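Each of the two complexes below includes chain A, the first together with chain B, the second together with chain C.
Coming up: the complex of A and B.
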């Protein structure tokens, strides 16, 4: 069957863009996280929506699973072919179709990377920017939206799925549908005022359809940018500090971090606060607002802003941040995974203490942190563990720590984000049965043959 | 622990209380009030000066009899637990700048240039000006004078002797010189003024960068191409500990054809670059100082803004560049004049 599958996929995309060779099957069997490898039978790279449609039709005909994939950087193994089949690598569908500077949105193909859009905007629309996650620039726009990602404008604009304005999706049946305003007017300005069908494809781990186009909000690109780093020593103060800082509605991004390295930072809680302005005067005004919001703690001498001369600020203003990549390489060997758990801000102290306890128990290299989503509406608290992929014991330690972290996050009241397969089962275990039942009915309706990324969101 | 070298009788009999009356950041209605506050400090009583002090070091220079008013003030701040900056900020910096024990023996030969804790500055030591020079650098030889800004005399007492010992044991003991050229005048201030006031022995001979440049310019006088430019000078806090070197700087400027334009905020009236007030969480005051200072620089029509202190340059450099002045270290300006 595999030879037949490869040949027929080759007829759709051309022989250069399909492979069933061991090398490709190996490379596509895993991501940098701890989940065990699961190889596909074939990897295919379509060039357009029509080819995606034809691949889906073929998969239905042969009853072969399909797994849509962006850059394969999700870290939690969501693009592994758990039951074999075809991985659809979307990277060739990387065209930027439209930028609307007036209504501030872009329409891109499903394989367009974050770096490509950033570069395009810098060249053609320097007054605009989009929210970049702290992932390598090859991470795709669609992939990040579909996992409810967040980025450097998330205090301003919420999670990246909140910035979504519409989608074109190839359904598991092979039909092409549109969500949002583009389904009515042809323009991609908003998801409202229609029934929000985008929700059928966001957060589903590729089990409901393949995103071939999406609209994404753009934001003003400021001429002047600055970062402040607030440092505290008491985790119990963090929810109130975050609340006060977000209350100013000045920051574009706020990322708390707690790490044992560098050694000077161990035990302290930091918040990087990025903000921008069109003029220096406006920038100073915003800085003063941020500082005034936490003045009480400064006057008590229990927290304050780290003094950073302008030349030292550059690395903190880099987008995406290089710090997570540096941490990922801490143990060498290319292993890195984290549990990001969405949770309410008030759980910050519990999450912090749970992270420290787990790191100590499993003796793993850790970095704890968070990204604030919206004006303090919630946060993605992350527990990151670096490990050496070549060291089986190290992988096991990290894997056990991640498992314990998922359990702890759920116990606190959080929900593991872009959850790997075992964590999905933990979430389902706590989920309202009616919710899970509806999820299953939706999937059965959209994907009667059960070909879309099977093994995910299942008991 | 040795106490700060200080004579309280001198202050009681002082007619001018220059240490406080000349202060640019804390105001007094008259000498009587200044004296009252000064005597409170001396007597270990509460004084508003301990809270309001910008820690600019200037009172060390203003005192006409070298009675160490600033060192004593810092001592009192620490005794009373008055923190100029929030505790986590001080604690993190204490850790950042702590000796790391990574120092190894290195064969050096004169001139030996002490780059303090800042390896990014070692590129400044080049060319004819520093011909044959060795550099030493790292947190294991950090001068630690910065703790004067953070009420941490105890850290100075604890770490400076260790740094001196490191400099001797790892570098100078087997070197062909007992001179240490201090690239940063905070180091020079530490090994001269602070060491003297705190009773710390210094077994080598600290040489200020300006004295070194001045001598080198005499040797290299045939290579000098006068730059024929007007400059403004940002005099740093640490130069208050060695005010005699300001005259040497004038000689250097004269030799290289740089006209140090007279302006309001130079010499004894030099303004803080703004870096320390930001660490003290007084950004709005820092903004005000920066604006006054740069407006003053711009009013005299200079080409270069010359820095002695790398931290001042890091703090102010971008701002002055945006306003059209070229920020430059003294050593680089001298090297321009030497055709490099």
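Coming up: the complex of A and C.
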């Protein structure tokens, strides 16, 4: 069957872009996180929507699972072929189709990298930018939106799925559909006022369709940019501090972080506040607003702004920051994974304490932090653990810590983001039965043969 | 395998696939093949798996290893300080381990065999190694200031010979004192080393060093950035201590002595940074200085330039072995499209391998009417 599968995939995409060889089956069986390997039978790289459609038709005919994959950087193993089949590596579909500077959106193919869009905008539309995640720049646009990613404009614009203006999707049946305004007018300006069908494909871990194109909101690219770092010692103050800072509606991005390294940071709770302006005067005005919002804490001498020399500011303004990837080298072992739990802001102190307790219990190298989503509407609180890939015991320790963290996050009232397969089961266990029943009915309707990334969002 | 202790430390974050400005894929083998396996991170993980006996060596695995063009983009852009300095060393060690295991692609074997038998990858007799000088009045080296080192491509490849002749002609016009040694010199060995055949590299280098030392050579001008890299960085450890210059580095400071006709039309030129002059040896300016000195030339930059430059795909022996092969996304073809996008009339090369690779790419892309590939000294000579 595999030879036939490879040959037939080769007829669709060309033999150069399909493989069932041991090397590809090995490398695509895992991502950089802790989830165990699950090898595909084949890896295929389509160049366009029609080829995706043909691959899906073939998978239906042969009843073979398919797993869409962007850069494979999700860390939680969502692009492993849990039941074998075909991994569709989407990165050849990386064309930037349109930028509408007036209505501030871009239309890109799903495999377009974040970095490529950033570079394109810098060159052709320097007045515009999109919200870059902290993922490495090779991360794809569709992949990040489909996991409800967030990024450097998330205080301003919410999750990256909130910035989505429409999609072209190949359904599990092989049909091509569009969501949002582009389904009616041909322009990709908004998801409203139509029934929001984009929700059928976001957050589903690739179980409902393959996103081949998407529209994404763009934002003004300020000439002047700055970052402030507010520091506190008491975690219980953090929800109110975040509330006051977001109340100014000035920041583009706010990222609390708590880490034992570097040594000067240990024991303190920091909030990076990034903001920008068209003029220096406007920048000063915004800085004053931010500083005034938390003046009370400064006056009480229980918190304050960290003095930042310009070279250090540059590092904090670097987008994306390679520091996140560098965390993987903390144990000289090339590994880290994190639980990023979406939760209400008021749970910050509990999440922080739970993270410290878990790190101590499992003796893992950790970094804790959060990204504020919207004007303080919620946050993605992350518990990151580094591990040494060459040390099985260390990997197990990190894996156990992650498992305990998922449990703790759910107990607090949060929901693990881009959850690993075991965490998905934990979420389902707490989910309203009616919600899960509807999810299953939707999947059964869209994917009657059960070929789309099976093993995810299942009991 | 040497450096095997770092293999597991790669996170596969993918910074190595891109230039620093993220414009597009900048790793030649990943660009061409697109499977994760052909990326630097893929190689790291596959090598680790091979050493752990999780996957066997195979023809495809060998293709993955030997398609690395050693361009250094991964070293330049890897997110991990210090670790990144050993990336290419690990890949070269991996190739060496494959050679030791007998898992060698046919073209690589043929390339190495010819060098072993003849001292050059063309399988030519050294007795004919002065042919590229026919018609030129170039002295044999005796006590001139510099030795001119023409390398394999300059000595044997028809297009490389044209370039070598153009460079020595310009050196003469600029009043540089130099001579040549022909029959006694072998391949510089740079790409042999990049392919992982260290013993053969050392044999070639030691033979060359003996000749150079016997002739009391002190200063060398190389035609190829590959020779420049080997002679400057690798020969000293083997007893070859010379002041080594790429020809653009000598000519950049001799341009004021040249008189230009001023009759040539205005032209836009994009300069292609050769990996072994640029990323490997951080000289991004010499060739640009030369071109800026010429009246009527406007330099335009491609999106990927200097440390972000896209390799032509000819490094790591691929110029001879063609493991990277063609296809729409071969780096040379992508590179000439990029030069056209930059509005260049001429794509300038300072390496004979780059020149040949890019010229072939212009033909494959049917861009002959839009852009020409020229070597830097050819551009200058044409305007004197």
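As a working rule, the second predicted complex is superposed on the first by the 459 of 459 C-alpha atoms of A that agree within 3 Å, B and C clash if a C-alpha of one lies under 4 Å from a C-alpha of the other, contacts with A are read in each partner's own complex, and residues count from 1 in each chain.
Convention: contacts are C-beta pairs under 8 Å (C-beta built on N, C-alpha and C of every residue); 3 or more make two chains touch, one makes a residue touch a chain.
This is a predicted model, so every value here is computed, not measured.
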Quick check for you: in the superposed arrangement, does A:231 touch first (chain B), second (chain C), both or neither?
first
Contact-wise, after the overlay, does A:310 reach chain B, chain C, both or neither (first, second, both, neither)?
first
After lining up the shared chain so the two structures overlap, which partner does A:288 touch, if you call chain B first and chain C second: first, second, both or neither?
first
Given the touch rule stated above, what does A:302 touch, chain B (first), chain C (second), both, or neither?
first
Check the residue A:263 against both partner chains and state whether it touches chain B (first), chain C (second), both, or neither.
first
According to the stated criteria, A:118 is in contact with first (chain B), second (chain C), both, or neither; which is it?
second
By the touch definition at the top of the document, which applies to A:337: first (chain B), second (chain C), both, or neither?
neither
Once bound in the complex, which stretches of chain A touch chain C?
16-17, 19, 21-24, 26-28, 32, 43, 45, 71-73, 89, 91-92, 113-116, 118-119, 122-123, 136-139, 322, 325-326, 328-329, 332-336, 388-390
Of all residues in chain B, those that touch chain A in their complex
83, 85-89, 91-93, 95-96, 275, 278-279, 281, 283-284, 287, 311, 314-315, 317-318
For the complex, which residues does chain A have touching chain B?
231-233, 262-265, 268, 284, 287-288, 291, 297-298, 301-307, 309-312
Residue numbers of chain C touching chain A in their complex, please.
8-15, 17-18, 21-24, 33-37, 42, 45-46, 49, 54-56, 58, 60-61, 64, 79-81, 83, 303, 327
